[in-house]
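Every chain is named by a letter (A, B, C and D) in the order it is written, and numbering of its residues begins at 1.
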Amino acid sequence: MNHSTLRAFDLAHLAHLELVTPKPDESLNFFVNIMGMTESGREGDSVYLRGWDDYEFHTLKLTAGTFAEMRHMAFRTTSPEALQRRVAVIEKMGLGKGWSDGDLGHGPAYQFYSPDGHNMELYWETKWYEPPDALKPSLKNQAMRFPARGCNVRRLDHLNLLAADVVQLQKFFEDGLGMRTTESIQLNSGEVAGVWVTATNKTYDVAFTHDHYNAKGRFHHATYAIDTREEILRAADIFLEHGVHIETGPHKHAVQQTFFLYVYEPGGHRIEIANAGARLMLAPDWEPIIWTEAERKKGQAWGLKTIETFHTHGTPTMEHYTDPTVNMKVASVK
Amino acid sequence: MNHSTLRAFDLAHLAHLELVTPKPDESLNFFVNIMGMTESGREGDSVYLRGWDDYEFHTLKLTAGTFAEMRHMAFRTTSPEALQRRVAVIEKMGLGKGWSDGDLGHGPAYQFYSPDGHNMELYWETKWYEPPDALKPSLKNQAMRFPARGCNVRRLDHLNLLAADVVQLQKFFEDGLGMRTTESIQLNSGEVAGVWVTATNKTYDVAFTHDHYNAKGRFHHATYAIDTREEILRAADIFLEHGVHIETGPHKHAVQQTFFLYVYEPGGHRIEIANAGARLMLAPDWEPIIWTEAERKKGQAWGLKTIETFHTHGTPTMEHYTDPTVNMKVASVK
Amino acid sequence: MNHSTLRAFDLAHLAHLELVTPKPDESLNFFVNIMGMTESGREGDSVYLRGWDDYEFHTLKLTAGTFAEMRHMAFRTTSPEALQRRVAVIEKMGLGKGWSDGDLGHGPAYQFYSPDGHNMELYWETKWYEPPDALKPSLKNQAMRFPARGCNVRRLDHLNLLAADVVQLQKFFEDGLGMRTTESIQLNSGEVAGVWVTATNKTYDVAFTHDHYNAKGRFHHATYAIDTREEILRAADIFLEHGVHIETGPHKHAVQQTFFLYVYEPGGHRIEIANAGARLMLAPDWEPIIWTEAERKKGQAWGLKTIETFHTHGTPTMEHYTDPTVNMKVASVK
Amino acid sequence: MNHSTLRAFDLAHLAHLELVTPKPDESLNFFVNIMGMTESGREGDSVYLRGWDDYEFHTLKLTAGTFAEMRHMAFRTTSPEALQRRVAVIEKMGLGKGWSDGDLGHGPAYQFYSPDGHNMELYWETKWYEPPDALKPSLKNQAMRFPARGCNVRRLDHLNLLAADVVQLQKFFEDGLGMRTTESIQLNSGEVAGVWVTATNKTYDVAFTHDHYNAKGRFHHATYAIDTREEILRAADIFLEHGVHIETGPHKHAVQQTFFLYVYEPGGHRIEIANAGARLMLAPDWEPIIWTEAERKKGQAWGLKTIETFHTHGTPTMEHYTDPTVNMKVASVK
């Protein structure tokens, strides 16, 4: 039977990520005033943020710290039972860390490692965002008022991880989390250089590519979605006006056909704005698209060459890097 | 336990519909040259058509006939097992008709009635579209070449049915087909006037509203999606240039926030072009939005009043109407 | 010789207007936070405002007063000599009032009446807008930083006047000001119901239509332009979120093909957001398009019917109306 | 007195150009089926083409020949008198060639050289395009029906020339033709590397840059305009689908802020699609923006580096180049 028909439907969607920034005030200004996100709460060194169409309390937890790193990422499950099923699978894989009491935006979460050392968690109980009066929408089927500020990002779309072992991570996303691979890049050497996986009808919720430095558990970028390519062009105008470093784009990826724009937020993380709604994967038996090295050498969809830093820059930067798997109990991971 | 967490994930997506037209040449010209669809095959009195991003052989079967009617609609399941599970449920409901050998575009299909008499079918085995050389896309993750002709509709998005008994139909879509209600309209009298249901992360795949004439099993419209609101405005320009009757729009619905444009194809069916990608329902525990009569009286999102024909025109028109449920075995329908 | 080839090129463009509002704080909030305009100065009861691409100090002077009225409108000439030539013509017509010392945003202005009693002025010397450091653009060929706030209106586009005698006003715009008629509406009775005139390559800078009440010198609306139709749709979303009354639109006019959206600002004036850049009139011998009554009965471009208030609402409202021509010396007006 | 106030308003607009192609069938297919232009006539080895909003008979004369070159370009004047005034000035400059009887699309034309040897002409009498019944528009203020084919280019926007002596050419455009400089690039050495001039409220109608090979009279590109940046992105998709070489873009120029996309048509000419409507120059006393070498080194607006061929490729290619000024009588050129 076709692999993809076996997916468990246990994961509902990518839920949030926690980014640590050494410049908390500037990063907060970036996300609120330039990206157009909304603060929904604060606790300790963290500010909780969301796009105007994100239904949960937060999709980004911005935490002050000494250097930039992606501290954890989370998925919501489709039911309490689905959560239990996944926990059982992950525990069996030896990657589990155990339960937390939750956070400002959600209930108990099961925490675990990816095989590459990324910190992850799963949860079911969540806190739906409730806008204060000043932010109540005119149409009641909308999470909050359209902000009309900065780039007006709509919702968290996907994350991109770096990994020392891409194939091992793909196996974990498929077998551990029940996600499906939709596209991947396979070099002439046979090496799998990048993989895109999904838990939804979006064509991907997470991507991961090989770390240039063979480092483990690093982070490449997080992406917020807006509706149209025109809004991404306007975002480029806005980034330009505010002196935000534009790394590359706007242009169209050949892989996944995403219209992209990559910038660096003040703390050093790469952030993408993309249009991710139009292209849906409705086929339950979608066979992964495998891009060859020759095809990738053509550059992006319309011919733009990928710039060097896109392959090398990740957070933490190598200056701050330590192997996250050193203290993991990885005995049973295959 | 929350209702919506029980959904069975058995239906993958709305797959296709068959429209009968008394003006087959003009209707075909409309769908191919004005809508920008592509013919993938012919058989008997039918032409098989699809949008450029539809992955299956066809999403529209256009059949010559004496009067306009929607002859059948189909869903694809997420697996062969899912198909068997749904067949069992529908048979138990007494709405089953039995198996067909399939059609040009798919394998064996289980045929059945909706409680309101609409002809429906479910299938698993399908025929993926394979473009001829002249229509092969430049990017291999795309179903076919972008046509650059007419309105360039992308994919089938949803259907809207008329029903004598909306609540009964809602119950069937939820319990029979495992779909989820995302929004509905409830009048002061308590009557449910309209319901939107989904099997995917799209906020709806099917809608149904109360038939003004209390007729059964009629059809309101089918919708093809394109990426941006701007393209819908351009579609209005193109319809204007070709003398196509624009019934209402472009404007934005309050319900589901769809940006809509309704026209009549030459055979008499109402066809909508909409942007349906940006708004996704990722929450697994989405509580249906219930619109009140007072809220609906405000008109569409930006104040446009709904025009009279939108409430009365359906196919078949009342001139050609006969009750489809007369010969149904409906004993066991609750 | 063709009339239009005789135009004098004396007027450079529509420059600004002064709107009186009985709700100055709310009107200011509307123009700054919802429309996205920028304040460039204050004097007495007036605040001076501009769109981000307006090159002059201001295009809107917002003045506190007891009731809504358009107090004056202004054109800039193409040279000092052009100004003198126009003054001579207007004086000869008996419509001149004389010179003012100018205003915060420009030098000496020649003030005069339209034959219908509208207050107008012409000037050459102006004050180019100089953005403070916080508003300096990244690209030096731009007037100021893109605001990324509210509707982000770009520049003043045109004004629409109401007039008791449309033909007389048309004659004044053509012969007195040297503008060209590009389109007009002529009813079956022979009455000219509306006229569009231009001094530039834009297809119109001023429009005027017959006053339903046969009142003189009233104001219909002012229009700010943005780049795309999509931004106008987004503006509708923003107006909806802020409880701004949307009178009609977004839709496309048949006349001039403008994509329009009409709202009422808190003081009572009708304000339009439109896309006015794409359609240019480059032909020096453009023959005016005359729309017939039958053609106008088709409604707007895609069939929308014009709503009643669009024909009746103007400022001042009839409650506050007094005939502005009573004290004019109109002896020599033909 | 300010230079720009002296402009003569004698030129109405850039009117057309003639491109010679060694691959006439493929070039014609490119302009008609991919660009979406319409053929309005044929004569000898030439096909006459236009965008759907071009009001004249043609804006592009496509002529079969042995190698790619821009054979001539033309401006229309604002009146017969304006034509005579310009002819007198050009004759005095010693650049005149004399009168032709006209062409399929216009009446008598005065032909002359640019100081760099480009063939140019001026005319007043023109032939307005009259669409056949099948191409009549629904709105009578439009030149023809919107084609809904390929890129749907709207109108000729501007030309870009290469020149051995940019300053001399600038002087000719200003003094000979009465156009105004709106922006230019001045290198640290003092060399003027590029100049943008206009005869209209568009910010430029012609641009010219220094020829990398110091060749004379060569052609860089011609540009057709469409309304939105989104349509330019879609054009990139369409070019990709048809194997058209995309040289660079879509991206935004810092100079003039044009959103650009450059491709090579089959005959070898560089063709641009751009959005040129939104940015207007209404100021009669616009002071030219001078970009420094340091500013240009920042790349395009959002950081894209200019690719090498953009500086070197022109038509005719150097292989086919001969100095066009050898046989010119250039004695009196200053």
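Note that in this section contacts are C-beta pairs under 8 Å (C-beta built on N, C-alpha and C of every residue); 3 or more make two chains touch, one makes a residue touch a chain.
Being a predicted model, the structure only gives us computed values, none of them experimental.
Summary of the copy comparison: rotating chain A onto chain B for the best CA superposition needs 180 degrees, to the nearest 5.
Between the chain pairs C-D and B-D, more C-beta pairs are in contact across C-D. Per-chain Cα centroids separate chain C from chain D by 33 Å. Between the Cα centres of chain B and chain D there is a gap of 48 Å. Residue positions of chain D touching 2 or more other chains, listed in rising order: 139, 228-230, 237, 240, 301. Contacts from chain D toward chain B in the complex involve residues 34, 36, 137-139, 145-146, 148-151, 228, 230, 237-238, 240-241, 243. Residue ranges on chain A touching chain B, taken from their complex, read 1, 5-6, 9, 12-13, 53, 55, 76-80, 128, 139-142, 154-155, 183, 200-202, 227-230, 254-257, 277-280, 282-284, 289, 291, 295, 301.
The part of chain B that touches chain C in the complex is made up of residues 228-230, 233, 236-237, 239-240, 246, 248-252, 259, 301-304.
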